[in-house]
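We call the chains A, B, C and D, going by the order they appear; numbering starts again at 1 in every chain.
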Amino acid sequence: MLIAGACGVESREQTFRIAEFVQRQGATIYRSGWLKGQNRPIINGKPEYVGIGEEAVKILSEVQDKLGIPCVTDVQDVSHVYLLAKYNIKYLMVGARNADNLHLLRETRKIYDKYNPNGQIFLKRGPSMTIDELIGAGEHLGGPDRVILVERGIVSYDRTPQTRWRLDMVGVAHLKTYTEYKVIVDPSHGSGDRKLVKDLCRASLAMADGVMVEVHYDPDSSPTDAKQTVDFDTFSEIARFYKEGAYGKR
Amino acid sequence: MLIAGACGVESREQTFRIAEFVQRQGATIYRSGWLKGQNRPIINGKPEYVGIGEEAVKILSEVQDKLGIPCVTDVQDVSHVYLLAKYNIKYLMVGARNADNLHLLRETRKIYDKYNPNGQIFLKRGPSMTIDELIGAGEHLGGPDRVILVERGIVSYDRTPQTRWRLDMVGVAHLKTYTEYKVIVDPSHGSGDRKLVKDLCRASLAMADGVMVEVHYDPDSSPTDAKQTVDFDTFSEIARFYKEGAYGKR
Amino acid sequence: MLIAGACGVESREQTFRIAEFVQRQGATIYRSGWLKGQNRPIINGKPEYVGIGEEAVKILSEVQDKLGIPCVTDVQDVSHVYLLAKYNIKYLMVGARNADNLHLLRETRKIYDKYNPNGQIFLKRGPSMTIDELIGAGEHLGGPDRVILVERGIVSYDRTPQTRWRLDMVGVAHLKTYTEYKVIVDPSHGSGDRKLVKDLCRASLAMADGVMVEVHYDPDSSPTDAKQTVDFDTFSEIARFYKEGAYGKR
Amino acid sequence: MLIAGACGVESREQTFRIAEFVQRQGATIYRSGWLKGQNRPIINGKPEYVGIGEEAVKILSEVQDKLGIPCVTDVQDVSHVYLLAKYNIKYLMVGARNADNLHLLRETRKIYDKYNPNGQIFLKRGPSMTIDELIGAGEHLGGPDRVILVERGIVSYDRTPQTRWRLDMVGVAHLKTYTEYKVIVDPSHGSGDRKLVKDLCRASLAMADGVMVEVHYDPDSSPTDAKQTVDFDTFSEIARFYKEGAYGKR
């Protein structure tokens, strides 16, 4: 799987432009968030950026319809599961901040068991979850037949500038060796530094089932995750590794 | 503040017995969870323990009415905020697993701004939140006038048996020195080992605004958190430190 | 034990001035380093500060002779054990950077077994040592009869400005509950922030066998550890807690 | 670079057997430790395994002479630098336990500056060193012309069984992107689990300048690091990736 897209849905134009590009390069799923937010409600006197709300989900739905590429976006509440279903969004993702929200995991599972038993869900590892806890959270959602795990970096004592999170490749190797889960690596969040993403994709494709990458035609203009978002040229190179298949085989 | 109680509401009898005891020793708030859950849905072939549901909230409400001690319990979803309001539970707590669930923080704030502007909320620090992120989460809920922060241990590389979490007393000192927040320490979760709770209460009362302790008449019978729950005798000693006031002054 | 002193021996005058002051306030041991060094050999174009070498050891020896207060200083090499012996320095300390240097631990033990079997050694916990590894390192030096353990903060994912290290009070409680070791807490290194040292001393004295504090008449002028060094007024308050004994009993 | 060998020199026969095998498979340097030791001096009533001492260095010297493959082994003390020189051991390595032993770093540099200015040194990252501190330690030894950095895993809150350390691939990407250092990855120590080594070598060879692997004809018989040591068949596969060059290019 080559999953790519903007950190967030900013507008119809921005989303279509990026989705068309990554699809042309070979991306198999378009990713973009509709629910943004920041650590503080007010930052430097301005309210945090929260995105454009339900309109963003509608845009992703149009991307699916018009471009034919499936989309994945995140849920933070049970009501969001229904919202994404209303717009036929193909995949939902439980993000890192909610990965051990047991209530959300259990209720989402019930909804899928009833209405979408063959649907698949992406589950991002919480930044302080152990591998065992991640496996447990996956079981809460229905296990390896339904859940695709995403390693996106764990907290570490080392915060060398621009590399806040540390991708846990040992955890990825452990999951691939001892469990049946499919595992995707997200080097954008996992490094926090766009200059490192290409190399980490190369390493990830050598071990995992795919990568998830934040891409933008003008990364610096991205209202969120700008520092870890790669530009179109860099993504083209990543897509080339992926297509050549050299690094994806286990 | 001396906040104490069973990890979870098991039954009316169990809850009243513990609440009466801790109140008599000087506890100012009774704490107990109504929403339990474990890392895996099935453990050793048995379904995880999930508690007795809404019945538990009703029992806490009766404790408030009959004993006159206010209660605090947790929410994992916006609907739970309304549920606790329905039963007049005095304090709600956002637990460590939801401390960076921005949706829950923002919606809870809106409800409080509208219906309970003078109400107070306990916010537990997520186990991989930085102090700055905890301060930010507190702002999402309404800031120091509304929010009481709870240090309950952060992840650490050191997992010496039975001490899974590590209380961050530096973080507590930082919060007390640089912010206006009231800060409570939870040495039960913060150490994971009932033998360490008394000493850590002593240290905490020397710096913070109170402690939160898990207590049970028969700790080993507790279906959750048994290893970190102290017995009645130990709690009496902790309450004595608290009452003598020697360790609570800054 | 109330152990206090400058981070490093800068000069005879500086050392005597600080030693006299802390002794008058009730300090039982004077601490100061003779071997300084920094993470890089060249910083902003200037060579790292390395201290005044053997002259510093001589000054500490004079402090012992003239003031009658015993001193503790650090070793980084087997040859330093002999050097400190030559000057009759009462206590040596294996610092955090060498706490798992097995060669140094074993050779130091052999020298003590032979020449100073009743001598005591301070062993600082390495910043990524588990409690079990610290206990093991203590055994390499000769066990609880010879070794006094010093908790000085462990690495943590949280690097909130000026609090680089996190004191592990759970580890201290564990050592006091399950082992025979004497345990000292060092809130100066353990917090990295002079404003937090007083509160953390209070908490530490409630649980441990003493504290170790960096003190200077002009903290900002200290060539090393300036941010975590307290001034004379603050140290007087810490010494008062210590003397009143309220926080030292377990 | 493909660096391989037994964790420790057990005997002449064991060392030659492994060195011949890894050389035939394409290894460019033979690695093996001569100074062993464990966290405790006595384990289950038996003294820790400490290896065969200077005899081990002599055996490595013979390996160099008879097989023509250069060797690398570790130093824990300045005297060991001279010992390795006496036996003409091609490369020395400062191990993770000594990576921030400033005295050893500085003295080693002086010796090399004087006697072996073109010699190269392997420096393993300490398990709680930041990337910036590792770069600083490298400067203490003489910088990128002399020093080859080895990422061998950092401490992490996640201790899922058999994966005690976590390889920091973000750190490797950072070093390769922002510095001139050559970087080797050690997935044996970096994962602690022999089943994960092959996958992690694949990922490492996609980014770094080489790998360092612990190999034994009978891994379970290895007195140290048995769980992380791969057998001959596994090493052959790793050597094949290396030779095919597919993963080594940046």
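Assume a contact is a pair of C-beta atoms (placed from the backbone, for glycine too) under 8 Å apart; a residue touches a chain by one contact, two chains touch by 3 or more.
No experiment lies behind these values; they were computed from the predicted model shown.
A.B. asks: Enumerate, in label order, the chains that touch chain B and chain C alike.
C.D. replies: A, D
A.B. asks: Call it same or different for chain A and chain B: same when shared residue numbers make up over half of all numbers used at their interface.
C.D. replies: Here the answer is same, because the shared fraction of interface numbers exceeds one half.
A.B. asks: Can you check how far apart chain A and chain B are, centre to centre, with Cα atoms defining each centre and the answer in Å?
C.D. replies: Using C-alpha averages as centres, the distance is 32 Å.
A.B. asks: Nearest whole angstrom, what separates the Cα centre of chain B from the Cα centre of chain D?
C.D. replies: The mean C-alpha positions of chain B and chain D differ by 47 Å.
A.B. asks: Would you give the residues of chain D that are in contact with at least 2 other chains, written as numbers and ranges?
C.D. replies: Residue numbers touching two or more other chains: 128, 132, 154-157, 159.
A.B. asks: Considering only the defined contacts, which chain A positions touch chain B in the complex?
C.D. replies: Listed in rising order, the residues are 35, 37-42, 76-78, 97-98, 100-104, 106, 126-128, 132-133, 135-137, 139-140, 155, 157.
A.B. asks: Spell out the part of chain D that touches chain B in their complex, as residue ranges.
C.D. replies: Its residues touching chain B are 155-157, 159.
A.B. asks: Which positions of chain A touch chain D when the two form their complex?
C.D. replies: Chain A reaches chain D through residues 128-132, 153-160, 163, 165-171, 173-174, 176-178, 190-191, 193, 195-196, 199-200, 202-207, 246-247, 250.
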